[in-house]
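Got some structures for you, see below.
Next, two complexes with subunit A in common: one pairs it with subunit B, the other with subunit C.
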Partner chain A sequence: MADTTLRASAARHAGGVYWRSLVAQIRAITEYPADFWVMASAGVMWNVLQFAFLTVLFAAVPDVAGWRYHEMLMLSGLLTVAAGSTALLCDGVWSTGTYVLKGEIDYRITRPAPVVVQVATSHIGMQGFGEVGFGLVMVAYGWIGAGMGLAAVPVGVLGLACAIVIECALITALCAVNFWLKGNNSIFAFVLLDLQHNAMTMPLALFPAAVKIVTMFVVPVAFVNFVPVAVLTGHLTSWWLVGPPLTAAASVLLAAGLYRLGLRSYDSSGH
Partner chain B sequence: MPILEARNLTKTFRRPDKASGFKGAVKHLVQRKYKNYTAVDGIDLSIEAGESVAYVGPNGAGKSTTVKLLTGILRPSEGTVRVMGRDPHVERIPNAHDIGVLFGQRTQLWWDLPVEESLKLLKHMYGVSDADYKARLARFDDLLDLGEFMPALARTLSLGQRMRADLACALIHAPKMVYLDEPTIGLDISVKDRLRAFLRELVDDGTTLLLTSHDLADIEEVCERIVVIDKGAIAYDGPIQQLKAHYITTKAVNLFLEGPADVPALAEKFPEYAWAAGEAPSEVVVTYESNRFTTAEVLGGLTAQLAPRDLSLSEPSIEDVIRRLYAGELTK
Partner chain C sequence: MSNAFAVDRAFAVIAFKRRLAYKAQWLVALVLGGGAMLVSMAMWRELLSGGALSGYDWDAMRAYVIIGFITATMVFGAADWHIADRILDGHVAIDLTKPVDFQRARAAEYVGSMFSTVPTVALGVLGAWILFDPPGPASATAGVLTAVSLVLVFPLAFGLTYLTVLVCFWTKRYLGVMWLREALLAFFSGMMIPLAFMPSWLQAVAWALPFPHFTTTPSAIYLGHVDTAGALGLLAAEAAWAAGMWFGARIVFNHAVRKVTVHGG
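And then the complex of A and B:
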């Protein structure tokens, strides 16, 4: 009982530190207004191209593997929101490799808050504002166009929340690999994003079984956008809805565990 | 019970073993070899509450690595550390509430935020009450003149301002054990003086302090005990006064004579002292063993016989002693 209370108190404290650090970073963004507008616009531009591609494609074909235009917009939009959210909520984890090489984890270890929380909130990717904004527009446009009503909103919100948690956790886990690789760049996290942009903006039915297995059970990115949108649009049964919350929980545990293990092998710099 | 206790503390790092140049780098890509490097080698260290300990050694001696082991940043390869009975790496968060750390070469300020915002973030992280926060800030402002740059962004601060702000960050939660790694590096003399006065006050208030510095004036002014480390092992551990008393066995008098000094003739006349020419032709340096002769005896005899127009006394500084310890000329 006492242990549970302590854990709950530690989690509340970590949440408080996370929120305050994030707000502080947003305040810091105001120091660089030009950077903000350029990056936010860049985030929108990339997704405008994706929107245009889908519009042109569906002008020529009525559906892709049974998926219609507005359903595909929701698929791309949800992925865009999830990816953009990582830039807003945990962009600092991309710097894990640099921090490890330069010994910049040192101070964070000596403070009474989870290191992963301090690293995640050390930076905000300003392109995330554009990505999340435009992604939400794509989801809303697709939602209305696909004829989905308000009754499905709770499922949509659950799917969106799980998508953000899974995406943040997977990126964090793959960036934590740099505790051992000792490199500046988070190669595995880049590969994940590439995999998502190539495979997860199209229906999984288009791909061979190996891709389905990998994206469902090895690197479960299918639960970020494909599964929730497929359930919402009736391509999968509602039983699949247990998948995103379970995947979210497993991904968070994986990320926290890998980061903790990484800290055990942290060597700092200048010895 | 000591506030800090390390037993057989050892840290070994793995370093790439590659030949120099482009060829060596390419070969290392496909045929990776490593060798072990022991930065800290079986250190035993015990610090009582309220002590102020200087931890000194030449570059690469293992000072910073020891501090990182004691603060829980690194895990020891062998041995144990206990700070207030806790393993600082395993019980990281409870330990963090009781320690304050400053690395002079780095800052913990949020780069694009005003100093006061960084302090507020730390206030919340450490759970400092509003009343304590205000009282501590007022004290820091009094001693470190924080007020003048509290609204400034961290990236706009001078080195001296940055160091004072970092010191406030390290102490905002009133830690019981404070580790300061090169806190005066790169500072001008007035800022150094201010920091040293602040540290003396901190020690007087009962805070336990472990200070590493290459500036031995920091050490003499702030610490009572000195631990000298060399090649990862402790070369000396004891009170600074004892180190001086034990190793400083000679004193010197500079005599300024009326005419040019004839050093060989003086050495022949007073063979019990060592004689050397000074910087000026009329200056001569007389060195004597302080446990054989009193200064009064030496001065009395020499002034009576040589009638110098002026003289000055000097004794080797702690720097000389430590330099000789580093060079292996002195032993424990």
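And then the complex of A and C:
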């Protein structure tokens, strides 16, 4: 009983530190409005052009592997929201490699808050505001165009929440690799994000079975956007809805575990 | 090589060696570029299984996608950050005291860094050739003119990159500017989708910009979508853009350099 109370208290404390740090970053951003608008516009531009790409493509073809225009918009939109959310909620994890190299994890270890929370909130990617905003527009436009009603909204919200959690957790886990593979750049996380933007904006039916297996059960990025949208649009049965929450839980455990293991092997700089 | 180019060669070689020192970048570029190419191939194989669309059949599209991979790897793999960092951290102030032309030195470095993408391009093209067996050029002349077009991508890419990097004198940051440039380049060059699929007004917008010469021009020549006279016209336009951006950048730099600040001072 005492253990449970202590854990709940620690979780509340960590949550409080997380939000206070994030709010501090947002306050810092508001001091540089021009910078904010350049970055947010850049975040929007890629997605405007993805929107344009789909619009141009579907002027020539009726569907891609059975997926129609508005369904594909939802697919791209949900991935954009999830990826943009990582920039807003845990962009600092991209600096894990730099902090490890420079020994800047040291003083974070001495502070009374989880290290991963402190690192995650050490930065905000301002492009995330544009990505999340425009991603939601794409999802909403696709949703309406695909003729989906309000009854499916709870499923949509569940899919969105799980997508954000899975994406943040997977990026955190892959950035934690830099505890062992020393370097400023989080290459694995970068590769994941780039391949997601290429492959996961397309129906999985286009790819060989190996790709389907890997994206569903090895690096489960299919549960970020493909599975929720496929269930919503009737390409998969509703049984698949079990997948996103389970994947979200597993991804969070993986990220937390990897970060903890990384901290154990962390030996500061110059040793 | 004459003394006139000795400094350029030295800058290019240093930039080339600097890029080659980070061998993981080859692998990352191959995974990213190769991944994008495979996704694109999978999509077009499905869409073109019923026949040609907008003048592209599966044969033509295989060659088109591989040419897109080559130019994307050359352009996105070059060292644009190196130039931007010199402006952002104030090193440009020291560069201005050196007895070398700033733009020419950066051009040599940039071209040197573009050459460092050759191993990635070669490996990617070899893999694509084995997997997809694309058709050869429409004629021997088309093959030669395609090669000329790809060579012209070097100054063209530098001009575009350098002009956008100069924006750092005002913005003090580069990431957003780089993303904007790369997004526009990917779309209007035809890397994302051939320009022939776009409505005529959007094609007109694209052809009013330098971007189509990165992918559409070499692939149109390669596939024989234009005759020899048309190909020479496209090459002339590509060269004109490269020259125009080179001299335009000089004018912009002369204004921009008055804005130089070193670590906020």
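The working rule: the second predicted complex is superposed on the first by the 269 of 271 C-alpha atoms of A that agree within 3 Å, B and C clash if a C-alpha of one lies under 4 Å from a C-alpha of the other, contacts with A are read in each partner's own complex, and residues count from 1 in each chain.
Quick note on the criterion: contacts are C-beta pairs under 8 Å (C-beta built on N, C-alpha and C of every residue); 3 or more make two chains touch, one makes a residue touch a chain.
Predicted model only: the values in this text are computed from it and were never measured.
A.B. asks: Put subunit B and subunit C onto subunit A via the superposition and say whether they clash or fit.
C.D. replies: On the shared subunit A, the partners fit.
A.B. asks: Between subunit B (first) and subunit C (second), which does A:6 come into contact with in this model arrangement: first, second, both, or neither?
C.D. replies: After superposing on A, A:6 lies clear of both subunit B and subunit C.
A.B. asks: Between subunit B (first) and subunit C (second), which does A:153 come into contact with in this model arrangement: first, second, both, or neither?
C.D. replies: After superposition on chain A, A:153 lies in contact with neither partner.
A.B. asks: Could you tell me if A:113 is touching subunit B, subunit C, both of them or neither one (first, second, both, neither)?
C.D. replies: first
A.B. asks: State whether A:104 touches subunit B only (first), subunit C only (second), both chains, or neither.
C.D. replies: After superposition on chain A, A:104 lies in contact with subunit B alone.
A.B. asks: Looking at the overlay, does A:24 come into contact with subunit B only (first), subunit C only (second), both, or neither?
C.D. replies: A:24: touches subunit B, not subunit C.
A.B. asks: Could you say whether A:202 touches subunit B, subunit C, both of them, or neither, answering first, second, both or neither?
C.D. replies: second
A.B. asks: Would you sort A:61 into first (subunit B), second (subunit C), both or neither based on which partner it touches?
C.D. replies: Only subunit C is touched by A:61; subunit B is not.
A.B. asks: Considering only the touch criterion stated at the top, classify A:268 as touching first (subunit B), second (subunit C), both, or neither.
C.D. replies: The answer is first: A:268 touches subunit B but not subunit C.
A.B. asks: Pick out the closest CA atoms of subunit B and subunit C after fitting on chain A and give their distance in Å.
C.D. replies: Superposed on chain A, the two chains' closest C-alpha atoms are separated by 8 Å.
A.B. asks: Overlap of the subunit B and subunit C footprints on subunit A, residue-wise?
C.D. replies: Dual-contact residues (subunit A): none.
A.B. asks: Report the residues of subunit A in contact with subunit C in the complex, numbered from low to high.
C.D. replies: The contact residues of subunit A facing subunit C are 34-35, 38-39, 41-43, 45-46, 49, 52-53, 56-57, 59-61, 64-65, 127, 183, 187, 190-191, 194-195, 198-199, 202, 206-207.
A.B. asks: Flag every residue of subunit A that touches subunit B in the complex, lowest number first.
C.D. replies: Touching subunit B from subunit A are residues 10, 13, 16-17, 20-21, 24, 27-28, 31-32, 103-107, 109-113, 264, 266-268, 270-271.
A.B. asks: Enumerate the contact residues on subunit B facing subunit A in the complex.
C.D. replies: 11, 13, 37, 39, 62, 64-65, 68, 71-75, 92-94, 96-97, 99, 101, 103, 105-106, 108, 110-113, 117, 121-122, 124-127, 153
A.B. asks: List the residues on subunit C that touch subunit A in their complex, please.
C.D. replies: These residues of subunit C touch subunit A: 24, 28, 31-32, 35-36, 39, 42-43, 46-47, 53-54, 171-173, 175-177, 179-180, 183-184, 186-187, 192-193, 197-199, 202.
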